[in-house]
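Note that subunit A is present in both complexes that follow, paired respectively with subunit B and with subunit C.
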Partner chain A sequence: MKILQIYFCLLLLFLWAPLVAVLFKGSAPEAFVLLWKNSELLLAFRNSLVLGAITAFLSTILGLATAFALPSFSPKVRAWVTGSLLLPLLLPEIAFGIAYLVWFRDLGLSLGWETLLLAHFAFTFCFVVLVLKTSVARLDSSLADAARDLGANGLQVFRHALLPQLLPGILAGAAMAFSLSLDDFLISFFVKGIDQITLPIKIYSMMRLRIGPEIYALSVVLFAISLFGVLFTQLWHAKNSRT
Partner chain B sequence: MARQKLPHLIVFFLLFFSCLSCTKKQNDGSGPAELRIFTWSEYFDDAFLRSFGEQNKVKVKADYFSSNEEMLAKLQLTDAQNGYDLILPSDYMVRTLIELKLLQPLDKAQLPVLSEFEQEALNPEYDPGLGFSVPMAIGTTGIAWNTKLLHKIPADLSWKMVMENPSYKGKVTLVDDAKEVLQMALSIQGKSLAKASEADVKEAFAYLRKHKTQVKGFPAETRPVMEGDECGFCMAYSGDVLSVAKEKKEIQYLLPKEGATIWTDNLAIPANSKNSGMAYKFINALLNAEGAKSFTQRTRYRTANFKARILLPNEVSSDKVIYPSPEERKKMHYLVQRKDLNELIDREWTKLKSE
Partner chain C sequence: MDRRRLLIIPYLLWLLGLVAAPFALIFSASFGQKDEAGLIQFGFSTDAYRTLLDPLYLQVFARTLAMASIHTLLTLTAAYPAAFFLSRLPRKSAALYMTFLLVPFWTNYLIRLLAFMDVLRLAPFGFEWTFTFHGILAALLYNYLPFAVLPLYSALEKVPSSLIEAAQDLGASRRRILISVLWPLTKNAVFATALLVFIPALGEFLIPELVGGGRSYMLGTFLQQQFLTFRNWPLGAAAIVFLLLLSLLALLLGGKALAEEGA
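So, the complex of A and B:
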């Protein structure tokens, strides 16, 4: 057992060392000043955060609805539908991005926030459904029946009997959609218009000339946000499982 | 039953969503004039873009790519509505774009700035006579040498020495680019990629395999390797070296005796540009003496404008990395596309790296 623990600690160290190294590089106050002054980079960051949030919202709501719809299909159809959801996971991003770009072009749409959002929704949606599918499958339906027996209407059943059970899955799905969207370079590159500069687009395109200290500072900010998110969900989880 | 209503809900949402996307109005080209530039990030100064926009009453919009191949893909797939007015392909990509008929032939009458260009820049191998492109940023691939790790460097440093001298064993890194490395090995034997035969290529790779113990690795990014004191000699791009050397005095840049590769990022106008007139104006404003001067000062890349060099402060205009001597320039070559050799090069390159 001891050996396994040591192994695990070493593994953690290995996984986290690069992140900590960037933290040290980015913690210089000058780096933050540079970041603060770099309005283009901040705009790209804001664009990515907003896009990620809207993508997560849409994917989660529609993903939840889909997860509820899946059991109502006959087993044969369900296998096909579920299988088709795996497609974006297996398809190389570049194929996905190009397919969507060609599709949008043939529809005569001009590329912009709408096309970017649609594509982001499309590739995050499948991940969210896969997460929520298991949440829905594990639902304790006796609770819903009990609520209905006690006179709850459809909305109340959902709100009080189903939603609390689904919440961890919903949060996990939304977080996944958000981070996938925040991360994405290739699909965005193809389906975006000229004005939609997202954070990965900006950072990758800086490679030719310079990756400055402000990128390190930005990493620190992102790191802090993620850490906060993880701690928050862990604490929230701990609190809920105790009561 | 709530569960049975949900499928209807999905249909509703999907319909709603697709309506949302269909209401998107078509861009009919009216409204304020735009200049849409497709570029690497950080090449242009915000202030420059803004003042150009104000002077010419045009909205300058920059979109970014991070490799020539991405740019090519997007260019091929977009129509005029979503396209660009000015793009920045590298030398070898200019050739490809010309062959694919994706560029507009340039109207030289609209490019008075070319009269201030060095003679040799007007006739590059990839686009003779500058029919389709204007060179903007010019850099080289040479050797970054870390004086902390290797104190004494012989005066006539050559690639041959770097690859064969036993005291440099395991101290060399090469860039992760098959053609750059191949060109280096060919140049040791006095050959060049432009004229190499299949046998030459095989021989060059055999040479590289034989001396692979000299090589520590093929990093995708050379800057962190230089910053971390990880190599005595790094094959590196001049701009990378200069940006690291600004804060690390022990990094020096050398052009080896055999010569070096030269590369350029160019301005070109896509065939489906909607505002080529403004693109010409932009090229003139960017590369006239004053514009080219501030460009070099900011990016540390040379331009072809000879008048700009006179305007530059001495420490920049006399910098050997930015402005190599005429003798050195004579030994510089562009990397060329060799479609006939591509497959062989790919195969040999994989073999070299994996062995």
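So, the complex of A and C:
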């Protein structure tokens, strides 16, 4: 057990050392000044945030609809649907990126933000449905029945009896879609036009040409955002499980 | 009919428009021919497949397969003891250690890669590891390790400690415990995890491209060039069909294990 513990700590060192080095380099004030001046990098960051937000919104709404429909089908149909939703997770990402490139061109769509959004929707939708599927399955239907008995219409039942129960799942699904979209390089690389620069695309081109200190400062910012996001969800969960 | 069923429409549109149709098109494009504008002339020609059988291209496939296979072995070997260590801890401390394992993965994939390449560039092992095959393997290990530890942990966690203690009491060596107790109980999880790290590695683009610096010419780079640079789409499409067949073959071989793990 002792040996295993030492081994595990060495693995942690292997995983942490590169990141700590980057965060250390990025914490220099000069790096932040350079980041602030690098308008292209900031624009790419903003583009990715906007694209991620719209993707998350779209995937969550349509994913919720699908998750709601699923229980009304037979177990066999549901198993097929779940299986097909796993395909984008199991097959190589590059195949999807290229298939979309060829398909969008064949449809006569010009490559741009619309095709990026479609592609991002495609690979986030399946994750969102898989997350929301379990939330819907766990729904307490007696609440909806009670609301209906009290004369609530369909919308009111959804809003007051179902939505509060689904909210954790919806937020988890949306957060997942957002971070997947923000992180995606490969599919975006194939379906973007010339002018659409997302953050991963920008970092890639910087890695090929010239890496400046500003990229390390940006790493610090991104890491702080995810740290904050994770802490926030943990606290929120802790608060919800207590009440 | 239940009106609720109509809500399945977004899924059907997704399935048809964003999964079935694009891949059907790739399949038919692989039987087409390249036209002057660099687009596809659909038809029924096996030229693209015949070109792929050229030793030059077969070599790319063989190299990619070798990379993905060695990487899978390495990553599983590195992840298994780590997962076993976690599985013997009380739940709370296992969760803490797991968090430490995952935190580096909260940051952007490209930044993680950049961070790792900085380490490779420092040549910590006494020689230059960027632009080499083992550099690629190290980067793959770095990026896939936690994803391999998680499923292995959930399988190993189900093995009761009493079983291992019983084997110890009966005088089994560590190796014997691994072979006769742990392996039979976790081999499905190992196969399922192998798929999860093997298939994505087949289509890996960034790591061979950036860490390998184009010197290790892999399938990902080949595909990118056929579609974005040389614009030989039928040849690229045939290579994708090949890649998908390889992935599906792997899924068929390990699919049962995966389904059992998922259940």
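Just so it is clear, the second predicted complex is superposed on the first by the 222 of 243 C-alpha atoms of A that agree within 3 Å, B and C clash if a C-alpha of one lies under 4 Å from a C-alpha of the other, contacts with A are read in each partner's own complex, and residues count from 1 in each chain.
Throughout what follows, a residue touches a chain if its C-beta (ideal position, glycine included) is under 8 Å from a C-beta of that chain, and two chains touch if they have at least 3 such contacts.
Keep in mind that what you see is a predicted model, and the values were worked out from it rather than measured.
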Item to complete: Determine, for the superposed arrangement built on subunit A, whether subunit B and subunit C clash or fit.
Response: clash
Worksheet item: Touch check for A:Leu15: first (subunit B), second (subunit C), both, or neither?
Response: second
Item to complete: Pick one for A:Phe24: touches subunit B only (first), subunit C only (second), both, or neither.
Response: neither
Worksheet item: Thinking of the overlay built on chain A, is A:Trp36 touched by subunit B (first), by subunit C (second), by both, or by neither?
Response: neither
Item to complete: Check the contacts made with subunit A and report whether subunit B or subunit C touches more of its residues.
Response: C
Discussion item. Under the stated touch criterion, which partner chain does A:Phe125 make contact with: subunit B (first), subunit C (second), both, or neither?
Written reply: second
Discussion item. Looking at A:Phe232, would you say it contacts subunit B, subunit C, both, or neither? Reply first, second, both or neither.
Written reply: neither
Item to complete: Would you check which partner chain A:Trp80 touches, where first means subunit B only, second means subunit C only, and both and neither mean what they say?
Response: neither
Worksheet item: Touching A:Ala69, do we find subunit B (first), subunit C (second), both, or neither?
Response: both
Response to the item:
The shared contact residues of subunit A with subunit B and subunit C are 62, 65-66, 68-69, 72, 98, 101-102, 105, 118, 121, 185, 189-190, 204, 207-208, 211
Practice prompt. In the complex, go through subunit B and note every residue touching subunit A.
Written response: 1-7, 9-10, 13-14, 17, 20-21, 24, 26-27, 36, 39-43, 46, 61-66, 70, 73-74, 77-79, 81-82, 84, 221, 223, 239, 243, 265, 299
Worksheet item: Hey, which residues of subunit A end up touching subunit C in the complex?
Response: 1, 4-5, 7-8, 11-12, 14-19, 21-22, 62-63, 65-66, 68-70, 72-73, 81, 84, 87-88, 90-96, 98-103, 105-106, 118, 121-122, 125-126, 129, 182-183, 185-186, 189-190, 199-200, 203-204, 207-208, 211, 215, 218-219, 222-223, 226-227, 230
Discussion item. Under the definition above, what is the set of subunit C residues touching subunit A in their complex?
Written reply: 2, 4-11, 14-15, 18-19, 21-23, 25-26, 29, 39-40, 78, 81-82, 84-86, 88, 97, 100-101, 103-104, 106-119, 142, 145-146, 195, 199-200, 202-206, 210, 220, 223-224, 227-228, 233, 236-237, 240, 243-244, 247, 251
Discussion item. Taking the touch rule as given, give the residues of subunit A at its contact with subunit B in the complex, in rising order.
Written reply: 40, 58, 61-62, 65-66, 68-69, 71-72, 98, 101-102, 105, 108-112, 114-115, 118, 121, 144, 154-155, 157-158, 162, 185, 189-190, 193-195, 197, 201-202, 204-211
